[in-house]
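Listed next: structures, encoded as structure tokens.
In the two complexes below, subunit A is the common chain; its partner is subunit B in one and subunit C in the other.
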Partner chain A sequence: MKRPTISPPLAAVLLAMALFLLSGFLPNGFGGNLDVATAQAINIVRLSVFLGIIAAGQTLVVISGGEGIDLSTGAVVTLTAILTYTIVSGKNEQVLPALLAVLVVGGLIGLLNGAGVAFLTISPLVMTLGMAGVVSGLILVITQGNVSGAVAPIMTQLIARPVLWGIPGAILIWAVFAAFMWLLLERTTFGKNLFAIGTNRTTARLSGINVTGMIIATYALSGMLAGLGGFLVVGNTGVVHIRIGEPFLFPSIAAVAVGGTLLTGGKGSYFGTMAGALVLTLITSLLTTMQMQESVRRMVLGATLLAMIAIYGRQRGFRQ
Partner chain B sequence: MKQTRWQQATYRHPYLFALLLLVIAFTANALLQPNLLEPTTLNSNMRVFLPLILVTIGQAIVMIGGGIDISVGSIVSVVNALLATQIGLSGDLSTAGVMMGVALFVGMGAGALNGLLIAYVRLQPIITTFATSFIYAGLALFILPNPGGGAPSRLTAFYRETIILWLPLAFYIIALLLFIWAIMRRTRYGRYLYAVGGKAEAAYETGAPVRAVQFSTYVISGLMAALGGIAMTLLTGSGNAQVGDPLTLSSITAAVIGGTPLSGGAGGITGPIIGAVILGLIRNIISFAGVATWWQTFVNAAIIVLALAMPGIIRLVRRRRG
Partner chain C sequence: MAPLLAVRNVAKRYGAVQALIDASLEVSPGETLALIGANGSGKSTLSKVINGVVAPDGGQLLFAGRAVRFGSPHAAKDAGISTVFQELSLIPQMTVAENIWLTREPLRRNILIDHRTERRRTEELLSLFAGTFRADLTPDTPVSALLPDERQIVEILKAISVNPRLLILDEATASLDSRQVQRLFDLIGQWKTQGTAIIFISHRMVEIEQIADRYSVLRNGQTVGEGAMKDATAGDLVALMAPEASGGAIERRRLSPDDLATRRVILQIDDLRTGILRGVSMRVHEGELLGIGGLKGQGQRDLLLAIFGGIPYNGRIMLDGKPVHFTHPRQAMKHGVALVPGDRTGEGLLSIRSILENLLVPSWRDYGFPLRMKRAHQNASVIAARLDLKMAGLDAPVSALSGGNAQKVVIGKWLLRNPSILLLDDPTKGVDIATKAEFYRLLTRLCDEGTTVILYSSDDEELISLSDRLLVMHDGRISSELAGASLTTANLVAASLGVARRETP
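Let's look at the complex of A and B:
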């Protein structure tokens, strides 16, 4: 049997485009109107930014191997979104301190995850799951059920509104961010070491890589990126609620998997994750536009996810 | 590397640490709630713990086989939705019996789909069961869009109030399952299960039916989730399409606290059962200790993380001393 040679990120992008074109034929789709189509395409990309950035940390953790996964992402996004909201409370000059605060808080939570995984050899799934519980508890303690604050006008301006040639700021932020992620993964020692520890921890250690340090740094980075995600999410929605980050958790893992990053570690790219985020956002919004029931929507989402991972997520057989 | 006696003991009896935690949690709970050992109190606790215990057993077997099942909570929801709508508050016992049988088949069918995709289509367990969990959760919502329906009170009373010889019904169910497990693990299937979970390639080369064994663990997990769903329905006496959601992650936590490593090939079901009881006891302790409402989630999670971290901390301390 010949294996398909098309690369996962490309496949995901092609799938996204095909789905988008198909969506034009829906009763309330864009039809033949090019302007409406462009506007819709831009909107879909804009909505993908948040999942895309939140899934960036997930990508790093998954690449680092050792069954790496970060289940605290959703809770961290919620916590940092709430923090941003309260610290900024409508003032432009508070935006930078808020950004700094969420990066530090996210980073600290990630640091604890990494320490648990590296020093106490707790399985990442369980460690980050436990941490998600702790962070959710922390959110309840801090907010006691109500959050007061506001986002600053400058955040809405930069994130939600068009900035340049009708392109929303969020997309520009994502483009710059993607360039940094590419540099980090492909052009730095950190990136090289990350793939090395993901492929084989023992050989990585023997070739002089500080594996423990790398693991802790990766989880800390994942926490920071989730923090950045929380900041951007609240900048986009303008309001915050106590479950704002939850819907991003499992899609962030799905985006990584759909983008062709091996869940066993050592192989993957951020471009794949970006494509995965695009596909998932597109499917979700398609199902919403088609006004399907919540139940049918979930089933279709699950089936699509299965179909996508079945195309290139298959593991090696024994008889090879 | 020479193993210490503690390492040897925990290797031979993976539930040793869980047992220690159980003693601590039980003592703490008994101090706060002096009537804990009275049959009625014991029963009111065990009937609440049972759904999670049942689901955790299935999860543990999947984990021993080297996989993980994220869809168990959704299967519980499907079964709950099915029973609540098909039996109803005024349903008769024969319909209830038939529907429970159907529910078991639905659970096994859902597990078989997971197993098929993972063992034969060779997809990764975590993302596959995550995807199917959407399908099952959607199905549950489809059957029961809004909370409602239920089970007749005669049936729920049987589940809630049966106490035989001072011991609640849950004890007998657990004892029966432990007995079945003790036999199962001594059969050829039991040995295959550990071999496949330990190292699938090696098991394949020695002629173990790796794919069939992997497939079977998910079917068992689906069956246990269905049993958990039946217990949940009889416990609550009502239908809610999201009732199973919290069970997924709790079952993984309980299995791990019970000494089942996620890497597979080790552990058993005694530890996970103890783990599930510990999770329930922690919740009890927090509510009886009068922790302020807003702090409860945090304290609960912090204790769980501490429990998960404890084996690692013990190892670090021992290594530093040795």
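Let's look at the complex of A and C:
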């Protein structure tokens, strides 16, 4: 029995393109103007970068299986954004130390998540939700509600402004990042082992894979990538507030799902997540341009997620 | 007296496997019938036909003189047939009382569960086994807190709580200690005087001789003999159970004991103990094909897993003359030990991943960074060709393969690493005959090349034909060592039931 099937990442990309073309017909859309269309497309991609990178760690954790999910992502983004803001304090030479610091802090939080999941066998949902609470509380205690600092000029230059042929730095960063993610998932032992533990942990263990070590490493990596996300987000906005990361949590999971990564683990790709981030960002900005209320936007986002997952679920070979 | 249950000429086929061809038995009220047979003879299938778990393809069931056909275990239970299952059917999160009365809870005003009555009745049931389990076991103890023997007792109590007319005990004594077995036998005596009929399935000949009034022997899905226990000896029963050797399918020149003695001991195990193993010692020679036999669940799985570092154990293992204690399969793997586990899909395969990835799971580390995919492809192709793997391509999902081909992938992933010791846990289970023959040739070739193979199989004929030497396991111990002239099916069956003691060679 052969049925024409379409891979989920491709489906998400096609959906994104269709949505984009559709947006051209809106009253204030690009119409037939190619230059405006290009500019709008670049802007959408630029806006997707931050969700895309924050969702990268989520992708790894979901692929690792065992009901893997990282609900501490939002809180870690907030914490690391604030850290970046205060460490950098407007000085260019402080950018690298700040980047290093957020990677370490994000990684440590992830390490604790992983240790809780692997050693204490706390379910990922509970462990990372608890961690989100702890980190949020920590932010309040440390900042006392107000944050002082500033981003450095070089960050704004590299992240928010066009760098090459009118393409914003953020998009270039994303392209390089995506290449690394592909390499990590498809061309390293870590990636192969990650898919293995996500598919069947008993088989993985009996094939010589250190499952415990893999779980801890994956959550640590997820924390680090959320840290990188926080760094980039604050570099883009230039200002920070104590809820800056929160709006990324639900979309980061949705992007992974829309991108066709199996929520039960063992199957997925970062390209899918990138396409998912594009779709979600597009829908949000489309609805915003249409001057829909926040409530309607949420409903449409939720419905899209359900529709995509329902379609993927019907495909052969996608069900176990 | 008219039989309570008469099974006539029942047949049952599972796919390509004919589990029952022509099985018959009769059991009367107040009588204990022992249902016996070797591995794969159809005992479990027959008991499942009687209690409504599987529907027979042909034949007749007469219960209390009337032809019946149970559509579900519930229907059988309503008719008065209750079973103590071999695989425990208790829900760990629920208490002892909740488990026993599940779906039959005593009610108050027809809607509310009457916990007081439930407790009282559970206490009455527990008192039957009083003194044989821990004192703090109450009706409110969650089943997850119980020891295996206590769970088995609860399972038995659950089965008798319906006051059955026919009670099937399927290996119900396997996890009980001798005191508990004795209590169970006392109770069986009482139930018999109340007119309950009992079908007793056990792998312990001693117990069968003690408790059964009559016996019925199954061999290859056919009833080959029945009669009164007092007229039969253990030897007679073993002779009935042992299948005739069909021979011819497997050609392997067996290494003689003298030949083996000249070879290097590559693996030496002393007093190995786990939850199931109770002191196993053995020596394995280089290039030997050592068979592990016995009925299912006698510790064969634990033995192989312990050697592979898959489960914790106590005892000494010497590999190539050096003491080792593996705590993770990775360590065993590095020492050239490989395991083909017993549950193909659950332990051996990554079902949604490609054949290529399944073949390379243990080996990715050897392919550098970035992974040299071309070389991985080449190596996988070589193994696939060597195993004559029938597939659409290396990138096809492994779930698309047939049972035999899927098993080839599990073996292939270890062959890629050239193991010096290959452990196999029932590798030909659910594998078609043609592929089985290929396996036999493969194992023969591996041994000729110097690989040491330890093979557990539930197929007795396979073990007899392939093994240079055969260790038979019974109750977590090695009950017998068969080699040379003693390596016969009859000896294997006898040893499986714990009839013979270990002969020191």
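As a working rule, the second predicted complex is superposed on the first by the 308 of 320 C-alpha atoms of A that agree within 3 Å, B and C clash if a C-alpha of one lies under 4 Å from a C-alpha of the other, contacts with A are read in each partner's own complex, and residues count from 1 in each chain.
By our rule, a contact is a pair of C-beta atoms (placed from the backbone, for glycine too) under 8 Å apart; a residue touches a chain by one contact, two chains touch by 3 or more.
Given the structure is predicted, the values throughout are model-derived calculations rather than measurements.
A simple residue count on subunit A separates subunit B from subunit C, and the partner touching more is B. Looking at the shared chain after the overlay, A:Val176 reaches neither subunit B nor subunit C.
By the touch criterion defined above, A:Leu34 reaches neither subunit B nor subunit C.
In the superposition on chain A, A:Leu120 makes contact with subunit B only, not with subunit C.
By the touch criterion defined above, A:Leu164 lies against neither subunit B nor subunit C after alignment on the C-alpha atoms of chain A.
On subunit A, the surface patch touched by subunit B in one complex and by subunit C in the other comprises residues 317. Partner subunit C is touched in their complex by these residues of subunit A: 183, 186-189, 192-193, 195-196, 199-200, 202-210, 262, 266-267, 317, 320. Within the complex, the subunit C residues that touch subunit A are 308, 310, 328-330, 333, 339, 341, 346-353, 357, 360-362, 364-365, 367, 369-371, 373, 397, 413.
Subunit A contributes residues 67, 69, 116, 119-123, 125-127, 129-131, 133-134, 136-138, 140-141, 144-145, 250, 253-254, 257, 263-264, 293-303, 305-306, 309-310, 313-318 to its touches with subunit B in the complex.
Interface of subunit B with subunit A (complex): residues 68, 117, 121-124, 126-128, 130-142, 145, 200-201, 204, 210, 249, 252-253, 256, 261-263, 294-302, 304-305, 308-309, 311-313, 315-316.
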